[in-house]
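Two complexes, one shared chain (subunit A), two partners (subunit B, subunit C).
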Partner chain A sequence: MKNDNRVNYIRIIATILIIVSTLYLLTRLMMPKYDIGVIEGALVAEYYDEVKGHDLIFIGDCEVYDNFSPAVLWQDYGINSYIRGSAQQLIWQSYYLLEDTLYHEKPPVVIFNVLALMYNEPQREAYNRMSLEGMRWTPAKIRAINASMMESEHFLDYVFPLLRYHSRWKELSSADFTRMFKKDKVSHNGFFINIGVKPAINVPEGRILANYNFGAKAMEYLDKMTALCLENGIELILVKAPSLYPYWYDEWEEQVKVYAKANGLKYINFLELIDETGLDFMTDTYNAGLHLNLTGAEKITHYLGEFLLNNTSLADRRGEADLATRWEEKLLLYNREIERLSAGLDVE
Partner chain B sequence: MLFTSYEFIGFLLVLFISYYLIPKRHQWKLLLVFSYLFYFIAGPVYLLYITATTITIFFFALKIENLSKRKDENFSGDKKVHKALIKNKKWRLLLFALIINIGILAISKYTNFAIANANSVLRFFGVAAEKQFGFRNIIIPLGISFYTFQAVSYLIDVYRGTVTAERNPFRFALFVSFFPQLIQGPISRFGDLSKTLFLPHSFDRIQVSYGLQRILFGFFKKLVIADRVAVGVTEIIREPDIYNGAFVFIGMFFFALELYADFTGGIDITIGVAQVLGIKVAENFRRPFFSKSIKEFWKRWHISMGTWFTDYIFYPVTVSKPMLRLSKWSRKNLGTALGKRIPIYLASFIVWFTTGLWHGASWNFIVWGLANWIVIMISQEFEPLYNRFHNRFPRVKEQTAFKLFQIIRTILIMNMIRSFNYYRDVPLTFRMWGTMVTERNWRIVFDGSLLGLGLSMADYVILLLGVVLLVWVSLKQRNGAVREYISAKPYWVKFVIWYGLFLSVLIFGAYGIGYDASQFIYNQF
Partner chain C sequence: MKKQMTIIFIILTIIFLTSCGSNEVNRITGDVANINQGNNSTDTGAEEQDIPAGIESLSQPDYKGYTFTHSGTIIAIDSDFAPILKALGEPRAYFEAESCAFEGLDKIYTYFGFEIDTYPQGDRDFVSAIVLKDDTVATNEGLRIGSSRAEMEAAYGTPRINDNGQLIYDKDGMRLCFIIDGETVISIEYQTTVLDL
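Here is the complex of A and B:
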């Protein structure tokens, strides 16, 4: 009898172990390997590997991770920054990423790129996934998912990604097997280096909109972001990166200016600083004005660095030995990546 | 709430756990609450319809039974007159209750069909469009055809005295609304379902695991097979001018597979859920694709619907006074042989016409029903010829090749008939049948054209394996229940089988983003 019981217990434990481990392995196998595919999906998760204590956190969409270089901010201004941005990151996702950041650190300054105000509804499931999957499980992530889901999505699909990605069995490649537990870093403090050049010629004008007012949900989250920063003693700075498309309407600009003024926030519209930053859309963009390339990003980052040192509490920290050592290593990787890209080498 | 949704799985989990935790005498009450909750989630307004049916049928059944009891009371007057009076009263009550409930079904489901037909007639007589009838925005409650038929069968059974009327309105409400079978059947009889529905049930590990296994197999059929092949079916229907000839032929097989896997998958889930709860729901299928004739097919496919039409339409119509008069007349004027058959054929016509109409408010369903009737009648007329052949060649009947021929012939005929419901357009169906002869495009089977139907080679492999599994299960079932066969195997063999099935649903199931969450086809009826 005793032996029978023991066999039963062993059987139950073995069964549970087999079930849990196969489901775990299948999940790892089926999950997209963002770092070798759509790299935007890998950006959010990389933050957690960082040593915290940043002076500045950028939050926003592609207009932050493509347009500002933390390496330049450190190298020339001694500002330790990180970008928490992903493709078409909606404002509520940015807000919850900020909440998530506050679980780890309290940066003195946060910069939010205002382009995301144009969206008042979730846009595409694929973008939701890229912004949300990398977040660690916290109440902020749960709220972010609930705020972001489209009608076709289900919360359980985020909890058990196998339910979402099971259909990838048809497209599995050898990389899915070999990279089940391996992930390469794709960003440099959240910045994605792109050295290509595609001049901005014939940039389309913005089409006429029926309503130029930002949506209620978008503004609600901007209010929440402002309040959260105020509550935590963080200076919130609004920026509009100098992307020529999506078109930035005067009516939108006016609303942001009014909001910034009413809430005592600094606001920099880089589209109005083309001469000051020295941007040249014939050479400083890799996709015809949508995003800046490395040279463009470095140009506006220089402007921003000056601005931050002169207008905020941030100070040059290059004298801090530990931090400087860490950045030395980061800069090495940053420069090596630029060299590799310049040489036109394939991704390893 | 789709049977294949996460919400339904969560709903079941909460029900199963609470069902076995509460005192047993309250179990049926919990089921009633969950059944109404299920229906409420589907659409709060639907509750009005199902409640109306429940109340009216409950009330009239009681009235009828009370009258039946009075029939046997001591009565000082003429007993014959008294009995006739009671019988007449019962009949009027039955008729009234039927008019109310069939009326609700007819109005909600067939008003717009009637309007469309009336407008066609008006158009024929040149009536201007603005003078024609406008379509009405009428709610069609989920599963109304199923629960109405189920409730009506109870009422008629009480009228006939074959079941005792339920005295507790809540128990009766549970019979009508029992959620697993509410939306796609089977159409249970009160006499069968009540045997286990209201009883207290202890947790029976074997029954619960058998129930869960049945649910899992239902999910496999629905998600891995039906919803996968549905992609090809939809594509072929969507572009009939492109997908003609051989595509029509292949589409018929795809549709047969989809319908079978979809409907039996849903019934597996229904029966499995009931089994977990300790309740026995009658089987609705018995390996229909092994049928050797259309008549046999209908004894194996959607059994509860077939027996419903037989018991509550065919028999009453056959023994009705006008039919008896017709029988007498036809025997006298057309001879005994033909005269005997004419009333039966007429009753069958009514049965198949209503069967078609029950499936949907559209002519394609009616034509589909009548096509079944024609084939069955023809095969009955040819029966003497078959018999003569088999008398001459008695060994042929027993040969496997002949049996196989009969099975394939039945499948092909059923596929042809079913294509009325596949295209849902009668003239188009005839046109597509024609293209099978005129278009010589059989090369599409081999030249990769089938990969243009939204199904990849991997999908076809999965479908093939799925069909092999279905056939294996069907063959195995001839010697007894498959679950019992598996349960006799060693633990790790059982584990590999059931966990393998679970993983195949999880991985190969056509659910989630990228797939449309398809409703079960029979939900629409």
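Here is the complex of A and C:
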């Protein structure tokens, strides 16, 4: 009798193990890999492999991961930075990514790009997924999902992604199998290198809006971000990257300026610094003014590096041997990638 | 053990076969008719959507929602843009923007008086928005920039108001959006809802 019971227990445990393992493997297989094609979905997860202790964390949408180069900030200014950006990262996602970051480190300075203030509601499930799936499970991730879900989304689909992605079996490729467990890095400290050139021509003017005020939810999360930084002794700096499209309205600019002044925050609008940074939208953008290419990103990063050393507590850390060694390796990869792109292997 | 394996098989089958819900996009696949009537009027001024003569041969369901007509070309939201482009000819200006992260380009074609936005799907572009820019063009129901709120409500009825303060008329999975300043229409935009997903 006892032996029968033992055998039954073993069978039950074995069954559970088989089910769980199978579901786990299927989940790994079915989930988008994001290291080829739409690589922006890989950015958030890459942060966790980093050695922490950054001086500066960027948070925001494509206007951060395309426009600021941590490699330049290190190489020329000795600032150790990382970009926690993702495609169309909404402000509540930025806020929870900041909370998530604080589980790992407390950077002296955080930079938030303000374009996301234009959105007061979630926009698309695909963007939500790219910002949220890469986050590790913490209370911050749970809150981020709850704040981000569209009506058609379900929390359980984030917990068990197989529920959402099971129909991908029709489009599985060999890469889905080979990259189930190990994926190549797509960013350089969160920065996405692009060396293509596509001049900004015929950039449309902004369309008339019914209401130019930022939404209440967006402003609520900006308040929360300001408070969180204050609580943790972090200097929050607001920036507007110099993207010509989507259009940045004067009314929006005024609201950010007023907010920054009222809360004692520094605010840099790079759209007003075209001459100072030397940006040329005929050569420094890879997609007609939406995002900067490498030369454009390096130009505004130089401006930012000078600004940070002159106006914040950040100091040049190039003298720190361990950090310098780590960056030496990173710069090698960064320059190798630029060479590879320049050789025309993957030019936009 | 057979029983357990059967249970595993059933669970996995259910997971694979359970639908996530319809991901069908509300897209029009029929060709856009170019029924040149010999004038450039875009104002059909009808109470109901006025399909010009000559279009009867086309299947009516191809024109879902409110449509805009220019030089005899009927432009519907979510319709394939290639035949429309062919009918309208070269735009006055053209701008293309990569979809943030996604492959393919969102394109903006500017014509005198209006703009057409498209979104990519597969190797084709579909109309995502039509924006009337000035009073030289009008909706098929006769509304133009500068019309009054009363004229708008006479043509379309009472709108709903979205969170941004736009006045919205929903029809067949698209929306026609107005912005009013005082009592005057200052913005008219036809929009897809496909990208809301």
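Structure notes:
Throughout what follows, the second predicted complex is superposed on the first by the 345 of 348 C-alpha atoms of A that agree within 3 Å, B and C clash if a C-alpha of one lies under 4 Å from a C-alpha of the other, contacts with A are read in each partner's own complex, and residues count from 1 in each chain.
Methods note: contacts are C-beta pairs under 8 Å (C-beta built on N, C-alpha and C of every residue); 3 or more make two chains touch, one makes a residue touch a chain.
The structure presented is a predicted model; accordingly, all values stated were derived computationally and were not measured.
In the superposed pair of complexes, A:N202 makes contact with subunit C only, with no contact to subunit B.
Using the contact criterion defined above for the overlaid structures, shared-chain residue A:G264 touches neither subunit B nor subunit C, since it reaches no partner. Of the two partner chains placed by the overlay, neither subunit B nor subunit C lies in contact with A:P139. In the overlay built on the shared chain, the residue A:E153 is in contact with subunit B alone; subunit C does not reach it.
Of the two partner chains placed by the overlay, subunit B and subunit C both lie in contact with A:T15. When the shared chain is aligned, subunit B and subunit C each come close enough to touch A:L163. Of the two partner chains placed by superposition, subunit B and subunit C are both touched by A:E125.
If you count the residues of subunit A touched by subunit B and by subunit C, you find the higher number for C.
On subunit A, the patch touched by subunit B and the patch touched by subunit C overlap at residues 11, 15, 18-19, 22, 26, 125, 152, 162-164, 166-167, 169.
Within the complex formed with subunit A, the subunit C residues making contact are 1, 4, 7-8, 11-12, 15-16, 18-21, 93-98, 100-103, 108, 110, 115, 131, 163-166, 179, 186-187, 189, 195-197.
Of all residues in subunit A, only 11, 15, 18-19, 22, 26, 30, 125, 152-154, 156-157, 162-164, 166-167, 169-170 touch subunit B in the complex they form. Listing the residues of subunit A that touch subunit C in their complex gives 11, 14-15, 18-19, 22-23, 26, 37-38, 40-41, 61-62, 87-88, 120-121, 124-127, 130, 150, 152, 162-164, 166-167, 169, 201-204, 207-211, 215, 245, 287-288, 290.
Subunit B meets subunit A in the complex at residues 6, 456, 458-459, 491, 495, 499, 503, 506-515.
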